[in-house]
Amino acid sequence: MQHYCHLLKERSVTYKPAGTGKIFTDPDADKARVFFRDQKPRKMVNKVTTVAKAVSELVNDGDYLGVGGFGTNRIPTAILHEIVRQRKKNLGFAGHTATHDFQILAAGGCINRCDVAYIVGLEARGLSKVARKAVESGSIELTEWTNAALAWRYKAAAMGLSFLPVRSMMGTDTEKYSAAMEMECPFTGTKYLAVPALYPDVGIIHVHRCDVYGNSQIDGIVVADYDLARAAKRLIITTERLVPNELIRREPAKTIIPFYLVDAVVEVPFGSYPGNMPYEYFSDENHLQEWLKAENDPETLSAFLERHIYGVKDFNEYLNTIGGMARLQELRKLETLVER
Amino acid sequence: MEYNDMELMICIASRYLEDDSIVMVGTGAPCAAAVLAQKLYSPRLTIMFEAGGIGPLLSSMPISVGDSQSFYRAIAASSMSEVMETCQRGLVDYVFLGGAQIDQYGNINSTMIGGSYQTPKVRFPGSGGANDLGSLCWKTMMITPQDKRRFTEKIDFITTPGYINGPGAREKAGLPPGCGPYKVITNLCVIGFDEQSKRMKVESIHPGRTKEEIIENTGFELLWADDLVISEPPSKDELAVLRNEIDPYRYIIGRQ
Amino acid sequence: MQHYCHLLKERSVTYKPAGTGKIFTDPDADKARVFFRDQKPRKMVNKVTTVAKAVSELVNDGDYLGVGGFGTNRIPTAILHEIVRQRKKNLGFAGHTATHDFQILAAGGCINRCDVAYIVGLEARGLSKVARKAVESGSIELTEWTNAALAWRYKAAAMGLSFLPVRSMMGTDTEKYSAAMEMECPFTGTKYLAVPALYPDVGIIHVHRCDVYGNSQIDGIVVADYDLARAAKRLIITTERLVPNELIRREPAKTIIPFYLVDAVVEVPFGSYPGNMPYEYFSDENHLQEWLKAENDPETLSAFLERHIYGVKDFNEYLNTIGGMARLQELRKLETLVER
Amino acid sequence: MEYNDMELMICIASRYLEDDSIVMVGTGAPCAAAVLAQKLYSPRLTIMFEAGGIGPLLSSMPISVGDSQSFYRAIAASSMSEVMETCQRGLVDYVFLGGAQIDQYGNINSTMIGGSYQTPKVRFPGSGGANDLGSLCWKTMMITPQDKRRFTEKIDFITTPGYINGPGAREKAGLPPGCGPYKVITNLCVIGFDEQSKRMKVESIHPGRTKEEIIENTGFELLWADDLVISEPPSKDELAVLRNEIDPYRYIIGRQ
């Protein structure tokens, strides 16, 4: 009979900082446990509110944000705009393939620190000058990570741990500017980097449907939102549609986010605009290009932001500025996953 | 047949993707190469996207690796951690990466150039999942134009590990053994990596290009394969499928 | 701005074996990577076979098994019977709420080592005398764990790691007879137990539907099967129904197990019998009671096993011995999740 | 009102489950107590099962904590790791556990008695998830008949941690601080745990039972609350709901 008991032996090892980056959030799992015990709303009550109230009550200056979706896909645009509109300042940000989401907050000058894997690009569309300038000017303090590292940092928190071991980043400058620690496997001696659990102050996620309690379902890929929802100390859900609790209970295996993780629920149809909402509408590539172009010049950008964010009172008014329902219907037609 | 550099690179890249394997791709040229491989050489190639899409039947090219296309009629619509853990578990054969600079060991910079880390002269999009994929997938491939600015002796920032500084360096750093850069497909040639030194070694020169031209466009000393050949140019079939089926609006192949 | 950089400091720590248990499977993630690279079938080809062939070709004497479902719920009974019928010996077993599944293999005398959290009971139904005797006699070598520890050991493997840190088991005899290691968090110094990744030689999972390639969907709770499917070196899927690939592609978010994890696919309607298959049929409590009663006496048990396992040629014949379609229809009526 | 011991224990247990909290239950009496609490005292109590069922609308009692009942019209049908990680994250308030032996610090044995670990005299079902839940949920509760065999000075095997050997012992062992045994509800009394010594302290004696009877049926020295009271017997309402709605076939309450 084969055993692997030779792996069980006492030994001393050294934990070493692998990089010079900073840790912006407390990875302590015990403190998170106490917070979750005392502050997470285990009341199954109606949590429906407005975008304005959700932001004013749950997002404070200085908070650290985790944003759901994937840059221009299933992003909570309404909340991001409102954060800019309410001129929130000194926010921290988890930047794992953050694209238009980061662009919005950078344009608003809201961010002063960032765990970064990908923030200044918009994938195939080009780069955001505003985001880039914010980073190059040193106005945002950065710690370097990778997409997987940030996903795993959420996962560590979601698992109720203070760290997880990972196998990427090693041997690179990405590691050198991270805040990971070198460690090794207690059994095999395999080298690992430990990444600290990331418990954001506020998580913001846009979903396909949820009930008034916050029980939420997402169609298609979930990116890192399963773990973000569990890691976040406070969680704001925006949803394409509010649905009866009965509908959630009909297919409970689809529930990605149970109500007890959720602090506020807002129904925001077309809430991912100008991003893509799978099965609902495609991204508005024209508007995204307008954003990028507006960034070429500070005055143009000011006017652009005034027109689309500062000068409108809410997300529905923003949708009017881009062509309203007529344009939205076009985007619905462009969506691959809408059967016709 | 006439073809441009982008078409050439995509067609050549597509031939390196073995059937019955899994390839992680981004948007643009790599995705086109993978779909071309599926259509002509490797029908059972599984395409994966880092945001969670697995094995989609791509009708057109995604704009984002997390958009609706990335899991259109997929076999699974999963998550970033699921895809990254599939790489970490050793199941993903190929990954295509891009970058602003690459050195002779295949280390890639997609983070920044000049200045300091906190105030760089130029900040690029960054690692995203590149570092993870280059660390965890078995074979890293690159499609890139070749010039001295990109192919440099010393890159400003190692975003994604190649062979770091030579044989055994990846393993010493703690990365999973047995993986690393595989092929760099440029507008001039196909470059592999020397088994002994882990340095770039030119394997085939594209039709009409010369050794001198390659040397001129490279900021470090290249090795040359003993059996150096002329690359097979894009075939009629390859170009037809690429132009008519994969990128009819020339979004990718018109970029040059 | 708040930082937690005081957590980043070099320090020496000691890893210590926490228990006297044995490790039955190799937790080495690098070896698993090479195995997966070379042996996992990334060919999307028809993998449909028979129960007899799946067992004779994929289960070897001495292998370590991980069984899906939850004891009497969504268990791969046909494969378990076939393992007994083919008189496989010296198998290892991961016992996280193993009930009727372990009972079957214990009755066949197939198991000689077990990572144990729960194996001799059948929950509210009572205890299996055969399973109990096998354990009490010392004929099965045991290492002690908990349900979560075993689920997390699968998860470590599924994540491509050699260990995970966990917060249970500490301070108990459960820990003392485990094969965990004491360690601490590289950031916070919080105490953890490290549990070794569990990569079983063979995983066996019963699902609601899959295609000929092995793309599999499960309705309802997945228990630990998401991770088991990823951890297993070889994976046998039995399915209530084979469905066209097109059906899988229609709802890709439902795919729990992609084809490249799967080595063999067998269609076995009522394949979880006498267990419960959610949305399909309820457990046969009468038959489970007969099993328990038969165990009171070795001769009765021999006759029982002869009648239901050794003496029948396959699972469909077994279903005939318990009343065939008539009985199965009754169980369909007893199922809570079948709407009427 | 007439009632038996099982009915008594279930009714009393149900009163300790605060509204707007989460309780992890097994089959049998704990599940009945949780459903009774939902129906009478804590309508927004969320019931969780370790195999993955979250917040089901229980029509009848599950036979297995992973059967179809356990996620019937649930708010989520998840996985064992999801449920266990929810506990590890600190979101689960109560758990009910059972066992063959318990000591004065609330340590529970559900693994084995006598002999050695590899050849025990009697092997029980084992921890299952009990150790995890007793380690990670905030308040551990127990419903159990009380006698000297069960309530012993030294238990043969600590399957699940109570307060181990006194104040601070859980934390010293590395368990998350601030949780542990809360109430033990027996056929004779309700036992809490002394804040200082973490030892069992009787808080209320069931109607018709005596201190002497409790002492006789306990294998260690008990503490007694200064404000020791007589337990409120099952109310008419409680019994009606329990008998008519929750367990009409007396599967659980008929077990005595």
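Per-chain residue numbering starts at 1, and chain names A, B, C and D are given in the order in which the chains are listed.
Convention: a contact is a pair of C-beta atoms (placed from the backbone, for glycine too) under 8 Å apart; a residue touches a chain by one contact, two chains touch by 3 or more.
None of the values given here were measured: they were computed from a predicted structure.
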Third chains touching both chain D and chain C: A
CA centroid of chain B to CA centroid of chain C, Å: 39
Chain B and chain D: spacing of chain centres that average the CA atoms, whole Å: 58
Rounded Å distance, chain A centre to chain C centre (Cα mean): 35
Junction residues of chain D - those touching two or more other chains: 71, 77-78, 88, 136, 176
Where chain C touches two or more other chains, by residue: 29-30, 141, 160-161, 167, 190, 192, 220-221, 252-253
Contact graph of the chains (line, ring, star, complete, other): other
All pairs of touching chains, each written as two labels joined by a dash: A-B, A-C, A-D, B-C, C-D
Interfacial residue positions of chain C with respect to chain B in the complex: 29-30, 32-37, 40, 42-45, 157-161, 215, 230, 245, 248-250, 252-253, 255, 258-260
Residue ranges of chain B touching chain C (in the complex, touch as defined): 20-22, 44, 46, 54-55, 57, 71, 73-78, 85-91, 93, 136, 138, 176-178
Complex contacts: residues of chain A adjacent to chain B: 69-73, 95-97, 99, 116-121, 123-125, 127, 132, 135-138, 141-142, 144-149, 151-152, 155, 166-174, 177, 182, 190-193, 220-227, 276, 278-279, 282-283, 285, 335-337
Interface residues, chain C side, partner chain A - complex: 1-5, 7-17, 22-30, 62, 90, 112-113, 141, 160-165, 167, 179, 181, 183, 185-188, 190, 192, 194, 196, 219-221, 252-253
Complex contacts: residues of chain B adjacent to chain A: 26-28, 50-53, 59-60, 63-72, 77-81, 84, 88, 107, 111, 115, 117-132, 135-136, 157-161, 164, 169-170, 172-176
